[in-house]
Structures are given as C-alpha cells and as structure tokens.
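Please find one structure pasted underneath; my questions will follow.
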C-alpha cells in the first residue's frame, strides 16, 4: 500500500512539473482527448446500451424501460432516472457498498445534462395521463477508471438513449413484452459534456487519472447541438477565475461538436 | 437550486414585468446574518435570505478519528448539509439523500480554498449546516452561514466565501431567486466567490442558455456577492464587539 | 479531546461536592428552572412551530400536517408521530447518523405525554372514516444541548401544537393547499413535563448539562392541566426510593402549573 | 407496556367484575423461572409469565471491542432486547425498532444498579433478551430473566432485580396485566425493584391518572415483585444444586 | 479471548487426530446422530411451531400465516418465505445485526428443501386468484449452536408445518381471525436434510460444533419420503470426490428415513 | 440456478425433441473467454456463455484491513458477486440480496481449494464478479471468469476451477442450461470441478430427482467442464503471449 502512495506522490509532482512547462505527461495537447471508442448496443438485455472507452477509462451504460406512475405535477410526462455504480472492480480506490459522494455526483451531473437539454421528449412517453408513463432508467457501470468518468458516462448515456427501443406494452394486462421492442425512443438532441482539469495555470481537456489525482481544479460543461450550455459542475476545491471560466465555455462548445460526431 | 424536476413551470411565464416579490432584478432578498448562535459550537452563524434560513456550526479543528482518515499535511474539512424535517412544504424524511450528498460535496469544495487547512495536520474541521426553512437558495445560504461560522470559530482564512444563485426569466437576468422564480428560471446558476482574491469556488448550472447569457448571470451574481460579503463582515464585527 | 475529558471529570466532582452541601453549581434552588424563553410560530413553512430556550438549551419544534390512512383498529382517528434529531451541530457529543437510543427515547417520551393526555382530539382529525385522516407530525430539532432536553421538547411540542393551523384539503383532487391554513388544530389540554436529577441525596429540577453529566438519577414526569400524571420515564441507572418518587410527583405537579402558564 | 396505540379499548369496559383470566387483582399470572437454559452462554434463564416467554443469555465479562468503547473504571453493560418474528399475532419484522431501542435502554438502566460493574474495568457484559412469545409484560419478563441470567453467570450483584407492571381498570388496581388487560387499563406502569435495598430501578408510566392512583399502583407492583423475587431465588438454587 | 482461540486450535488438532484413526471425539459412529428431541407446537402465538434439539444444538421454528398477493407468474399459488436469525444469544461467535452469509445460506437451504419437494400444496393456499393467497412464513430462531444447524432447522420447519393450522379469513372484511385456527396446512411430504462433515478422509454424519470448527468439508442433502433428492448444498471450501458424493447420497437417503420417523 | 420460484414451467413441456437453441444435450452454449480485460486490476477475465456475460477482476494479494480480520497463517479470499442493474429483463436494484450473499459464499468456497492461500498470510485477495448480462448460469460463468482472473493475476494455484450446471428435461440430461431451459428443468445442479485433481468444489441442487439421475447429471457436467477448462487455458496462453 505504502509503495502505491509514494508512487502516486512522485507522479503528482511530475504532473505538476510538466504542467509548469505547459506540458502534459502523455504528450497530449491542451485540447486533445485520448482515443475514444464507442460501441453501440453491445448488450441484448437492456433496451439500449453503449460501451465507451476514453483511453483506458471504460464505461458501460444500459437503458432499461419500465412502466410506472408519473409525478403528480407532471401528469403527462415520462420520467428519467440515472444511477451510477463505482464497482470495486474498476479501481483499487473504489470500495464495495452503497454509492458514495463521487458516484452520486456523477449520476446527478449526467442526469442534469440529459434532463435540462430536453434530450428525451418526455411528453411522448406518456401512456395514460396521470396513471402510466414510461420510466427511462439509465445505469452507468464503471468497468475501468482511468480519469474523466463524466465525459465517458455522458457520451455513453446519450449513445445508449439514441439506440434504445421501447418494448411493447399491453395496457389491459399491464404487461411489458420485452421480446418485442419496436418504437425508437424519442431523442431530440445530443447533450455532450467536456471536462477540464486546472493544473497550476494550465487548463487541460479530458484529464487522465494521473492528472485528476493532482489536487487541481475540475469543471464539467455540458452543451447541446445548438451550442447552448445545459449543465455546469465545478467539482474540486481549486478555484477558477472568471477569465478561465469564459475560456472553458468556448473550448467546451468547440470540443463538444467533435464528440457529438462520434455518437 | 431545487432538483430540476421541481422546476415545473419553465417557459410558463416568459414576460415578467417585475419580480414576484417586487424586488429589482439585481436586488437580494431581505438578508440577515448573525454570528454566534450556537453556544456549544466553536463558531456558528445564522443566515436568512428571504424565507430561507440556514444555521451553520463549526467544531474543531480537533483530532480526527478514526486515525486512518487523518491527512498528515493538513486538516480534513467535513461538511454535513441537512434539511430539517419541517423546513419545506412537504415534510423531509430524515437521512441522506442523493441531493444532500452532492450539496455536501460542492459546499465543502466551495469553502476549502478559503481555509488554511495546512495549519492543522491530522485534524478535522466539522461544518454542520442545517436548513431550518427552505425557499430556494439553500446551498448558497448554507455556504454564507458556514463561511461566517468558520471565521467565528477563529479558523485562519484567506477570505470569506459568499454565495448566491443567478438566473434568467424572459429577457431579465436576476439574482437570489425565491422559490417561485426558481420554478420559472431558464437556468439556475449558484456561484460562490472570494471577493478579495476574485476567485470562483462554486459554479453549477442547470438549464439551457447560450454561453453569453451564462456569463452574464455569473457576473451579476458576483456583484451581489459583494453585498453579501459586506453583511458577513458586519455580522462578524458585531460578534467581536460583543466578545 | 483529553483536556475536555479531564475538565468534565473535575466538573463532575465539583457538582457532586456542591450537591453534598445541598447546593447547585449555578446557585439555583432545588426547584428552580433556568430562564425559559418561548417563541411562538417563528417559522412559516411548518403548520405550527415553537422555539424554546431553557438556559442555553435551545430546541425548535415544527408541526407538519399530512393526509394518510388511519390505523385499521382506529378507523376514525387522526394519527400522531414524533421524531427527534440530535443534530451534531447541537453538541460535541452528538454524532451524525441515524437517531440513537437517546433521541429515540426523547421522541417517545414526548409522544407519550401528548398521546396519553389526549391533548389532540384525534376524532376531529378524521376526514373520511377508514380512508383519510390527518397525520400530525411533530419534529424536534435540537439546536444547542445544555441539559434537560425533555422539558424543552415537550414545552416546544405543546406550544407548536397550540399554534398549528390545518391547511385546506380538497378531497376530490386529493390535494392539500398549504397556502391556505384555516382551521385551528383541536388541542384539548396542555401536557407539560418536569425533569429531575438525583445527585447524591438531592433532587434538583431542570438539570443543566453539567448536572446531567454526573452519573445521577433522572426522571421525567408529565402532567396535565388537572394535575393528573400522563407519562413517567425514569431514564438513568441510579435507583430511586419510593419516598423520593412521591416527593417528585408533588413537585412535578406544582412546577407543571408554572410551566403551563408560559405556553 | 405495548405501544400506546395498541391500547385501543381504553374506557371501553370500565366495570370489570373480575379479571379476564379469573385471577385476583393482586395475583400474578402463572410464573415459571428456569436458570441455565442456553448451554453456550455464561449464564442464562427462561421466564414465563402467563403466555409471555422471555429467554435471557449473558456473555461476559469479556474484553470490550472496539477498545475506544471501553470504560477504564468499570464494565459496560450491553443489553439487546429482541422480539422473535413469531412471538406475536402479527409477525414481527427482524431488526431494531424505536420501541425495542427504548426497551434496551430502560432494561439496561434497570439492571445496572444491581451489578458491581466496577469490578471489571475495560470489560463488557452482554445481556441478550429474546422474547419468544409476547402477551403483555415483555420488558418486565425480560428484566426478570436477565437478572437471573446475570446471577447464573456468577456476576457479583448487590441484589436481584425483579419486575412487574401494574395498572388500573375501573376502580380496581391490578398487577401483571395480560394482553387484554393492557388494552383496557387506564395506565400501564412497569416497575423494577431491588427488594433487599428497597430501590426502584425501572419506572415508566403511560396513561392518565391522579398521582394517588399512580402511587397505589407502584406499591401494589412492589408487593408482587417480592413474590417474583422468591421464584428467582428458587430457580437459582435449583440450578446450583444441579451444578 | 486468546485462551478461547488456543483452546479451539488444540481441539481442532484433537478432532483431526481422532479422524485420522477413523474416530469421532464423542465416540459416535460415522453414521450416528446425536440424541434428537422434538417438541411439537411448544408455542401458542404462531400457527405452528417446533423445538428441535440435536445434542446441545437447540432450534425453535415458528410458522406464521398471513394473507397477501400472489406472484404475477403464479396467480393461484400461495407463497413461502423462510427467515433465520442467528441471535447472539446462541453462540459467542454470533454477532448482533442483520443476518450474515451463514444465516442467509441456512434459510435458503431450508427454503429449497421445502419448496423443491413440493411439501406445501401451494395451490390449496389460493384464496382468490390473482388477488389473495396465504403466505407461509417460517422463521428459524437459533437458541444454542452446537453444530448441524441445517438438519435441526429443516426438521423443525417440517415439524412446525405439519402442526400448522390456518386461521379463519374473512374475505369481505379482509381480516384474519387468529383466534380461530381451523384448517390443517396441506403438507404433502416430509423433506428431511442430512448433513455430513468430511474430516481428513472420513465422512461423518451430524457434525458437532467441534467437528464443524475443523476446516473440513460440509455437505447437506435433503431427501423426500420416496427417496428422491430435492436439495444439495456443499457448504465449505474442502472439495469432494465423485465417489464420496455417491456414498453421501446413499447415507442421506438411509438416515433421512430414520429422521422422518421422528417428525 | 435462478431462485426456484422463477422456474415456473416445471413439468410443462416434458417431451422436448431437441434443445430450444438447437444444441445437442451435451453441448455447451457458445463460449468465449478472454483474460486481461480490466487494466487497473491485477488480473481479470471476461466469460461469455451464450447470452450470459461475467467479468471478474482480482486485486491482491494485498495487506488486509482492518487488521483484526487478518489470518496469521493464510490469505483471506473475498468474493463479491454483483448483477449490474441492466443485466436482466427486469432491472436489478443495486445492493446485496439474499441470493447474491449465498452466491458470494459458494463462489468463494468453489475457488478457495484451488489457491495456495497459505503463501500470503495476513493478506486478502479480492475477487469481484460482475454479471453484465444474465441468461442462466451466472454463478458458473462467474466462477469460470474468476478462476482465469486469479491465474491472470499470477496467484499460485493448484489447478483452474471450471464450472457448469446440468439438468434434466423429460428423459434427457443436459448441460449449460439457457434461461428457457432453467425454467423447464426438473433439477438445476451447478457443479465446479478441478480437472487435474478430480475434485468437486461446488455442488448445489434444486429439484426433485432420484439419486441415480443426480449422479448422471454430475457426471455429464464434469465432462463439459473439461471443455471449459481447455478454453480457460487457451485464454490464459493468448494473454501470456500478448504479455
């Protein structure tokens, strides 16, 4: 254990030293993502699924469709739920047990990107007003954690949604036929998040785990196809200046366009 | 920043002539700050922003237990944000929710840069925030209270952190939203800021707006934060005079 | 930490020494309460609320009204629920987490005082027999703990109840309109508890935290307007003699009268 | 002492000619006490009061873990009161309830004054009480069993603690209520007492009665406790003879 | 504590040494059970109950009957639920808290023996198809643990079931009258489990706690009246050969016949 | 081995001409095994048996915490079996179930005899098994994956453990049941086996069959296990070549 800690401290210093010279440890440019691979519907059981790899970070997202009651204040709208599991399989730092703060934050930020962008046309998920609507359940399973879980998860979620088919529902029998998946889920746009690390004075896109381990700043900005921002999450104790924030917005929109093409 | 599902009325009433509670768009809700409200705590404060009431208490720095959670080079900052059961229209069930877990995290991160944690290795500073009444802006009220409570506890700080949320309804940018406004706004952007060092320590956003609008909201929020900051300082001075 | 423990041990000895001379550390008489301040309805969200300070002990009680099903064996009666949270804010000895034994005991003793005295006319809280009744939810929030939480909480609970207004309920829509609170909660009497510490041979009313910390006896007696006893709770390992109990009953009734005037 | 909500029949049947189960008003239910029923335990006992059956087992004194819970000057007494799932008419779901948490506490406090805890610093004495069948008076039956189990474990005691509840139905004061009586009584007053030192170690009351009546009930309970005390001693003697 | 551990290690060695000579520490034969005592319906509250002692192992099983909804895929069948509590009363090794792996395994193995054998005629427990069926709740309470909880619990469960009477149910009022228990529970056969320890090369029936404490093999085989096997559970890390398994099946069927006579 | 209540169709379709998915009775589902799929882990593997997908990761041997859980003479093997929420037709709620607790236990016991735990006193070897997709045989797929992951982690082993379930539908004995077959089979018998030492390390059975049939099933399962074992070795060789 101790060896691992010492190694990490030395690595942190190396990341900091490189950043002081404006460089990244793996030679990437400030605005360069690692290699991204996206598999569409790798699984058969979920109604939609996606596997996203960003470098060695590996995430599977599955979408399950269920029928349930709408919220009383939105009687004609389907509902959305996002869960994230940090399986101890994915990292020596994850522990078994109920989701901790980090997993909850991840799920909530992915949720907000999809919800606030209006990516799912929830009105079309109403089966019977006040009584039955579709519930879209998005589950994020981290397979290997090597940094930037936010962007991998948001990419996975929107890809899985775009590939989700709604099963047939027999209203009389109140039964879902998961064997017959016919209609496509009504998805209206592609929210995509871009995450930045601030190390020293440098702003880097798509931080790897070695960069995240340095106690630097982290901020995630989710944008829509039209360039609008739909979610922001500053997620670290290091403060940002207004100038930095403005620069980050520009980069988030630009890089978002590139990511959106992959979906 | 209510859970997004609560913002039912988005786009319902775009053309708002003036604010529901007759405030100007850049005007804060009635603000009251009081330091030293929990005798048992090392530091404490109450912040009232409109109908929202947050109380914060600070215990520590004290030795951290269990020991394996200690950090050898600095104090651990621990924040616990809780809505009391009768704080809202529908009773809140006790216990941690996903929402409160996230708020604990962003609150801690909003406060941390202000504190000289490195002066207290192996220690913990506990910050407890109770929302006694909730009417929008509970996380920002909590941060405002916590910041004063930390200073009241005599913990060395780089600056006070002050916080407020901004938004946009129709064509108007506005700050310190009340509950009705939070349901209408096209975006909810809580900001925390250290005026002396001009640094943003909390930034979140839910909504759907072009980047120019988001920047405008952040700038407006920062202006209001300067006002809150003054009130925080006044509250601490009043407390120190009383001794 | 150690300093605090040593200080407490020395303080305990001081309390014991004083008690041996029949004196209290803060100079109070045996039957003297600390200064009591009661604020009625300090809050707007709950249907009723109260803030009670006894010396530096500070308690907020809120009453929320909801609509739910009655118990099957009492189909025409509203129901009562009391909860108590020992926020870690209120004392260096309280811990975060689910309520411990002490918080549960406090809630249950306050509950019994109100329930057994018949203070709430539960028959009047029936909306539709067997189906819908009002649920009265009393939550006790400890703000600062300096001893005698029982009396502060019971005082807070009855004061909050006396100031509770029932919101309008639309039976057809099954909706509560919390904006319109019209009817007064039917409260029939004012149960009030009086708590005693036994230190050495002395019986003191309204123990402060320094007196509670001494491993002495504690007993709480709740009485009604007519002098009847409606709840007793001996809450400490120190035994009492029958004589002491009888003396305590007399004092509880007498001091109860005084407290009742403050409500 | 059932949760008060169960006492549905208060005032329903004021004029009771005699007790439901034909007992005299100051008569206990059929009482059976047996020491040494759990071979693995250091001490144990079974107490049957009417249909109520309590079994208690004592483990210890043994070193307390985790160490920070140890007390340097005495043993910690730990009590766990549990109703087994099939003990009542409606199945009890496993796990702690608010009711069982309170009973754990008052049971511990009822037993503590009887034990020379100061002889075993840094230790814990675990007392486990299982209610196998519940028909009113489970906490008093549990205390009676626990007291015998402690003595059976050879733990030095000042006295045995014995316990029973008293009540009043109509004009009659009565002891050791069965379930039907518990639903009718105007007050439920469980008492625990050390006969040798004449000290009350448990006293609770739910109900609505003038103080004179409450005193009367306590005195009646104490008389019955003397009888239970004798049976406790007999059970221990029988056990010691057997070896 | 340490003394207990040392004693156990020495005892383990003794058990192993004896086994090497083909002997058991208490002088029993390989296929010999300890003394078995069964009490039928020792309790009045449950609908059926049994107390089973095998040597110093002591188990009480209670059966409670409730009314609830059937599973959607079996709309005309009553349901079965088995729970097991390892009360800390029963052993210095049991801890307070939610059931651990061992208690869950015990409950599930007893459950499977009864369920798979079809011992309860669940079709006869249907009150109203799709809506109301009887739920049979079997709870196992360990009183004293001296080894072989599986066989004691299965024996207790089937004995309690055979002695269970179903209370009257008023469909209109949706009320169960627990005072009137009239009909006998429809039990069709008597599944009985036999548990074996493998110590060294020896296979012993009905292991005592001292034998279980040795890290040996454990296997439980549940059989029906007609000799069919209805459940098997290998429950230890020590492997078995196919030959051993075959020998165990034969013994399980033979000993099962003997146990079945006691029920 | 689904919970027995799921096997709704028992006896429904006794005369099965051939297997639902056209397999021979002693034929495995399409089998795919890959070692080294989780870069962060010390060892890992993916096993696909038909539609069932299990991923296993091994961390350790590493020092065990808390220390009181250490064993002085050997490593502790810790297994955690989890079904991911979207692995089944109806979403699985996160958290431990009674079923998953039992599978953790039998999985651990199936693997333990293969590992030289005595070489790593005071250590823990964590084996995490995630069922990514579930279509019968998840525990056997999990054991197959875990066994390869342990070898991939370089942990010294006596042999690989391979596992498959057998059953009987009508007159036919069959192996590696798919979901539809699991609902039909008269018995479900998962077996794990070490081919080199010819030892059974997992054996469970749910059903209702004469002993001869159960033996027949076990023998058939062992034959299929030899095939799985070969694929496990191939996967490890492929991994070692890649380095």
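By written order: A, B, C, D, E and F. Residues from 1 in each chain.
As a working rule, a contact is a pair of C-beta atoms (placed from the backbone, for glycine too) under 8 Å apart; a residue touches a chain by one contact, two chains touch by 3 or more.
Here the structure is a predicted model, which means the values were calculated and not measured.
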{"item": "Chain F and chain D - chains in contact with each", "value": "E"}
{"item": "Superposition of chain A upon chain E: rotation angle, C-alpha, nearest 5 degrees", "value": "120"}
{"item": "Chain pair equivalent in interface to E-F, over half of contacts matched, among A-B, A-F or B-C", "value": "A-B"}
{"item": "Remotest chain, chain C as reference, centres from CA atoms", "value": "F"}
{"item": "Chain whose average C-alpha position is farthest from chain B's own", "value": "E"}
{"item": "Centroid distance [mean C-alpha coordinates] between chain E and chain D, Å", "value": "31"}
{"item": "Separation of mean Cα positions, chain D and chain C [Å, integer]", "value": "26"}
{"item": "Gap in Å, rounded to a whole number, between the CA centres of chain F and chain B", "value": "51"}
{"item": "Junction residues of chain E, two or more chains touched", "value": "none"}
{"item": "Residues of chain D whose C-beta touches two or more other chains", "value": "none"}
{"item": "Overall pattern in which the protein chains touch one another (line/ring/star/complete/other)", "value": "ring"}
{"item": "Running round the ring (origin chain A, first step to chain B), the chains in order", "value": "A, B, C, D, E, F"}
{"item": "Residues of chain F defined as touching chain E within the complex", "value": "4-5, 8, 98-99, 101-102, 104-106, 108-109, 112-113, 189, 194, 197-211, 214-215, 218-219, 222"}
{"item": "Chain C residues touching chain B - in the complex, by the definition given at the top", "value": "1, 43-46, 49, 56, 58, 60, 62-64, 66, 83, 85, 87-92, 96, 98-99, 137, 139, 141, 143-146, 178"}
{"item": "Residues of chain D defined as touching chain E within the complex", "value": "37-41, 44, 51, 53, 55-57, 59, 62-63, 80, 82, 84-91, 94-95, 126, 128, 130, 132-135"}
{"item": "Complex contact set, residues of chain A against chain B", "value": "71, 73-74, 79, 101-102, 104-105, 107-108, 111-112, 115-118, 219, 224, 227-242, 245-246, 249-250, 253"}
